[in-house]
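In what comes next, chain A is part of two complexes: it sits with chain B in the first one and with chain C in the second one.
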Partner chain A sequence: MKSISLYTDNGSWLVKLHPFTKLFYLLAVILIPLIAGHLYMFGLTILISTLSLLSAGMLKKALPLIAFSFTILLTIFIIQGIFYKGNVSVLLSLGPVSFYKEGLLYSSQIGLNVLNMLLSFAILVLSTSPSELVEELEKKGFSTKFGYILNSVFQIIPEMMGTMHTISDAQRSRGMETEGKLITRIKAFIPLISPVVMSALTSTRERAIALEVRGFGAKVRKTYLYSHPYTATDQIIKWISLLSIVIVIALRVMHIF
Partner chain B sequence: MGKLFKTTFSTAVIVLIPACIGINYIGKLFAQALKLPLWLDSIGTCIGAILGGPVIGGICGAANNLIYGFTTGDNITLIYALTSLFIGISVGVMARLGFMNSLPKALITACIGGLAAVIVSTPLNIIYWGGTTGNLWGDAVFAASQANNMPIWIGSLFDELVVDIPDKLITVIIVYFIVSRLPKKLTTLYDANSVVESLD
Partner chain C sequence: MSLIEIKNLKYRYPGAAELALNDVSLNIEKGEFIGIAGENGAGKSSLSQALLGLIPQFYKGAYGGSVAIAGLDTKTAPVSEICKKAGLVFQNPFNQLSGAKDKVYDEVGYGLQNFGMEPSIIHSRIKEVLTQLGIWEYRDRNPFDLSGGQLQRVAIASVLAMNPDILILDEPTSQLDPVGSEEVFHTVDELTKTGITIIMIEQKVEKLAEYCDKIALLHKGHLIAYDTPGAIFSRDDLLELGVSTPAFTTFAKKNDLKLPNGNYPVTISELTGLIRATGIDVKPLLYSLNTPNGKTSSEEVLSDAPDANFKISDLHFSYVPGRELFKGINLTLDNRPTAIIGQNGAGKTTLVRILKGLLKPTSGNLMFRNQNIASKTVAELARAVGYVFQNPDDQIFKYKVLDEVMFGPLNIGMSQKDAEKSSRAALELVGLTDAADKNPYDLELSDRKMVAIASVLAMNTDVIILDEPTIAQDYKGREKIKEIIRSESQKGKLVIAILHDMDFVAEAFSRVIVMAQGEILDDGIPAEIFAHSDILEKAALAPPHLMALKEALIK
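Coming up: the complex of A and B.
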């Protein structure tokens, strides 16, 4: 069964970091360029994230994530480049359409922001096991019921994908058309989705009973088998992240930026 | 009205939430596999909202986007957690008011859910994307409105409207047929307003 999580344990330094450290880093990297309000700050944070991914050997896996939003970014560049409200100075003309400097600057700000967020998220997503993150959060007092919701999504989805394939095959063998005109495809959606949904809902009853038998509703504190080590590197990254946010805010308030 | 937002957090309801999130995901996958120009990624949220009430619907919606945002690295969905939250709440409230009892009423629910999505998404689209939605049909409308010198928010509103209303209509019709055919022994598990009667 294929997991939806992109996490793989490749033993690199990013995997060894504590999940919370990566959360602090994420916060800093996303907030700093937005507070500073300069395009080159995006460049700086993007560079840091890229270098971290590269040193951990994860850059290759981060590329599909970026490619995914590339088409959306491209549309933004085209639409804002041509139609942006503040457009005054023409940068280049391609036949009847002309791209304006203001629109392109505006869309590059959007694009860089998205790229920055994607890369920093890639660090968290590619190097952190979701269940480990949830467990660490639970230790800090996060609701265990909500923790269960998060963890079980990762078990349920591969299971449902399995059912989805079975049902697609079954319906196709009965002669259902899944290609062709839009109306044919919309019609095909209903016999595909409803058996999956029905089976998912009916199985919740059994799952609820199974969980209650194992003491899910118990009011006692949970104990944990595994504890993620919190090293000196974690401390350093955490404090650098927090301090740099404070510094950027201070610089911004004092109008140095 | 006091019962409108009543929620029980029984084990059955807790288990319902991940199932609904899974359904959202499957709906989106099927829509992509059939190359439909719609998202259809709120089927689970609507089911959760109808079975468990507005609070559960809201949790399903928000948790859905948060989980995908944090695990698949697709942080674009992250900010739309707010949209999903309001879809869940509005559909849940409508269902509690009895607007899921017949198909025509369900269509009104769909429009309300769609409008909630439009109202919340439009500012997000403007702030985050400068007005586009990333959907082919919607963005064509946006480009046309910008070419005619309309304000960004009107263009963005239309952009969202063109996609969201048909999307929610189809979603709610599917949900209506599924929920109305669910066995009673299952739906009573989630009903927050049910009372246990003693035979003694």
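Coming up: the complex of A and C.
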């Protein structure tokens, strides 16, 4: 089965980190540049995230994520560079088109912010098994029902995608064209999507029974098979992350930044 | 006190007019193996759900009488308590996965986690059941990647892990191929030695006869009888109740072979034992076995076979470049109803999908009635070749059965009037005339399969391909499908079916093609094919029950 989770266990130090540690890191790396309000702080956090991914051998897998956002960012640069409402100082002119410093600065801020978030999320998503994250959250009192929903999404969506293919074959066998003009494709939509939705709905009931007979509704506290070791490295990263946030806030309040 | 006590149990589903269970009373003792038999809609699944308290706690509706399991009243005790005593395994292994675990190992431990057991106990319990069921090697696999038979064993393991006193199996093999079924039955067989109480709902009567201490026979919600397999299968009214008799019993009845207790033998060993003990002449018995289908020689069948429909020469196909599945297949298909048999992965589905144009061969010639079809689109071929998929839910999308059946005919350009006429005729053929205005989703799975068959029949194609048509069908459904194959053949259509049910193949088809690993191993009339035990063995197929009997008698 093709998984929709991007996680792979490559045995690197990022995988070995506790999921919560990565959540603390994520929080710090996203908040710090925003609170500090300086562009170079983005540079710093982006550098840390990139180096972490590189050292864990995951940078290559993060690249498609960045490439995907790149086209959007480029558009923002062009539009804001030319049309930003606070544009005064021309930076460079290409024929009749002028790019302004203010617009470009503004779009760099958006661009760096997006890049920073993407990279830090990449660390979490690429190195953490979704079910492990949910399990750790449940242990801290997160609703087990909601946890189940999150987990099942990762299992059931790929399953549904596989079904789509069979359904398309079944309807084509009954003479339905699925290719060609737009109108043909629109007509094909209902016969293709209804069986997916209906069988998902009918199997929901069966799934509910399956859970019920496995004690899902038991009124005792669940136990967990695994516990992710919480090492000294986890402690250190967690406290550095939290302290950095506090320090940046303090510096900002004292107007040192 | 019995382990399970059912007293005057009555139940009606919300919105239904008829009682699903009507005054059922029976007691089951610890360690017994109980079978439940009956046609579709007899109340078998409802009974199993009542045992776990899913009826009336999960399914509402009108409920009367009482069910007690190991002293728990299933009407009031929480399902999460009852399921510590009794585990349920159901038909579709995919739908009983928790859906929250990505490893077999974790899936099996899921129930125990919910009960709040100590992790160390859970780990040892998982290891124990996985080893017991012979699936320890799959522990790190994703359950969704396993085959049906493997997955059903995971489902049984998940239930056994909770250490229930009672195991309820609701047609656990109805959606599996023969090897998958055999894996599951073998597992169940092993379990009987552990002293666990087993309740099994099953359409494969030979299996019920082989394993059960007692069988509960249900019909329209009533408990007709609760007795030994011998007594149940010796009844004369079984066919009226929609239950078939084991092949060996039918044979014994035909030849008037009775056991000293007045019952007919129900298993092959009982039957051969009886024949040996009484010293009857085996020759006439063998002779009566030699005429399946009423046809005895290949010439007789070939004589009424007209010109070729499909002509396949040197067909090559591969899913992954470099790994060829078909290395040059040559095959001619005439008008005889043809069954394709073989293991999963043998290439049966791939072959028929190529005939249908859903897959394109890498090279080779594919002619249909002297036309090259290798390059035609699926929709273009729709008029000539019809294909009924295995799972009806992959195609049903209309709110009315009639509209669903008319979808195909309208697509291939029939007028509204013709499409309706043809669809009503198809519905009549599959026995669903009365269901024309119903919502297909309100029908049972077996009837939804019939809707899918009708929706292809209505297109009036020259060729009809059926993928596993007998799955989920009871005795009456199987007879219906046999009738459809016969009548379509008589209309001059070519019926091709992929099947795992060898008894059905022997009864309904005039030509059998055996496939293994992308090759055609054998091709001929059923009586000949099933006599080639070496080839059957190579294709990992079991002969029909009567062929097995013949072999046993010759010895």
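Just so it is clear, the second predicted complex is superposed on the first by the 237 of 257 C-alpha atoms of A that agree within 3 Å, B and C clash if a C-alpha of one lies under 4 Å from a C-alpha of the other, contacts with A are read in each partner's own complex, and residues count from 1 in each chain.
Convention: contacts are C-beta pairs under 8 Å (C-beta built on N, C-alpha and C of every residue); 3 or more make two chains touch, one makes a residue touch a chain.
This is a predicted model, so every value here is computed, not measured.
Superimposing the complexes on chain A yields a three-chain arrangement in which chain B and chain C fit side by side. Looking at the shared chain after the overlay, A:Gly217 reaches both chain B and chain C. When both complexes are overlaid on chain A, the residue A:Leu118 reaches chain B alone and has no touch with chain C. Angle at chain A (Cα centre) between the Cα centres of chain B and chain C in the superposed arrangement: 70°, in steps of 10. By the touch criterion defined above, A:Thr75 lies against chain B but remains apart from chain C after alignment on the C-alpha atoms of chain A. In the superposition on chain A, contact is made by A:Met198 with both chain B and chain C.
Looking at the shared chain after the overlay, A:Gln171 reaches chain C, while chain B stays out of its contact range. By the touch criterion defined above, A:Leu225 reaches chain C but does not reach chain B. Using the contact criterion defined above for the overlaid structures, shared-chain residue A:Ser131 touches chain C, although it does not reach chain B.
Contacts of A:Leu27 after superposition: neither chain B nor chain C is touched.
Annotation for chain A, partner touching more residues between chain B and chain C: B.
The superposed three-chain arrangement places the nearest Cα atoms of chain B and chain C 5 Å from each other.
Once both structures are placed on chain A, chain A residues 148, 152, 154, 156, 159, 178, 190, 194, 198, 202-203, 207-208, 211-212, 216-217 are touched by chain B and, in the other complex, by chain C. The residues of chain C lying in touch with chain A in their complex are 49, 52, 54, 58, 78-80, 83-84, 87-88, 90, 92, 94-102, 106, 109-119, 122-123, 142, 144-145, 158-159, 162, 353, 356, 358, 377-379, 382-383, 386-387, 389, 391, 393-397, 407-408, 411-412, 441, 455-456, 459.
Of all the residues in chain B, the ones that touch chain A in their complex are 9-12, 14-19, 21-23, 25-27, 29-31, 33-37, 40, 43-44, 47, 63, 67, 69-76, 128-132, 134, 139, 142-143, 146-147, 152, 170, 174, 177-178, 181-183, 185-186, 189. On the chain A side of its complex with chain C, the touching residues are 1, 3, 129, 131, 148, 151-152, 154-156, 158-159, 163, 166-167, 169-178, 190-191, 194-195, 198-199, 202-203, 206-225. Considering their complex, residues 4-7, 62, 65, 68-69, 71-72, 75-76, 79-80, 82-85, 106-107, 110, 114, 117-118, 121-122, 124-126, 130, 145-146, 148-150, 152-154, 156-157, 159-161, 164, 168, 178, 182, 185-186, 188-190, 192-194, 196-198, 200-205, 207-208, 211-212, 216-217 of chain A touch chain B.
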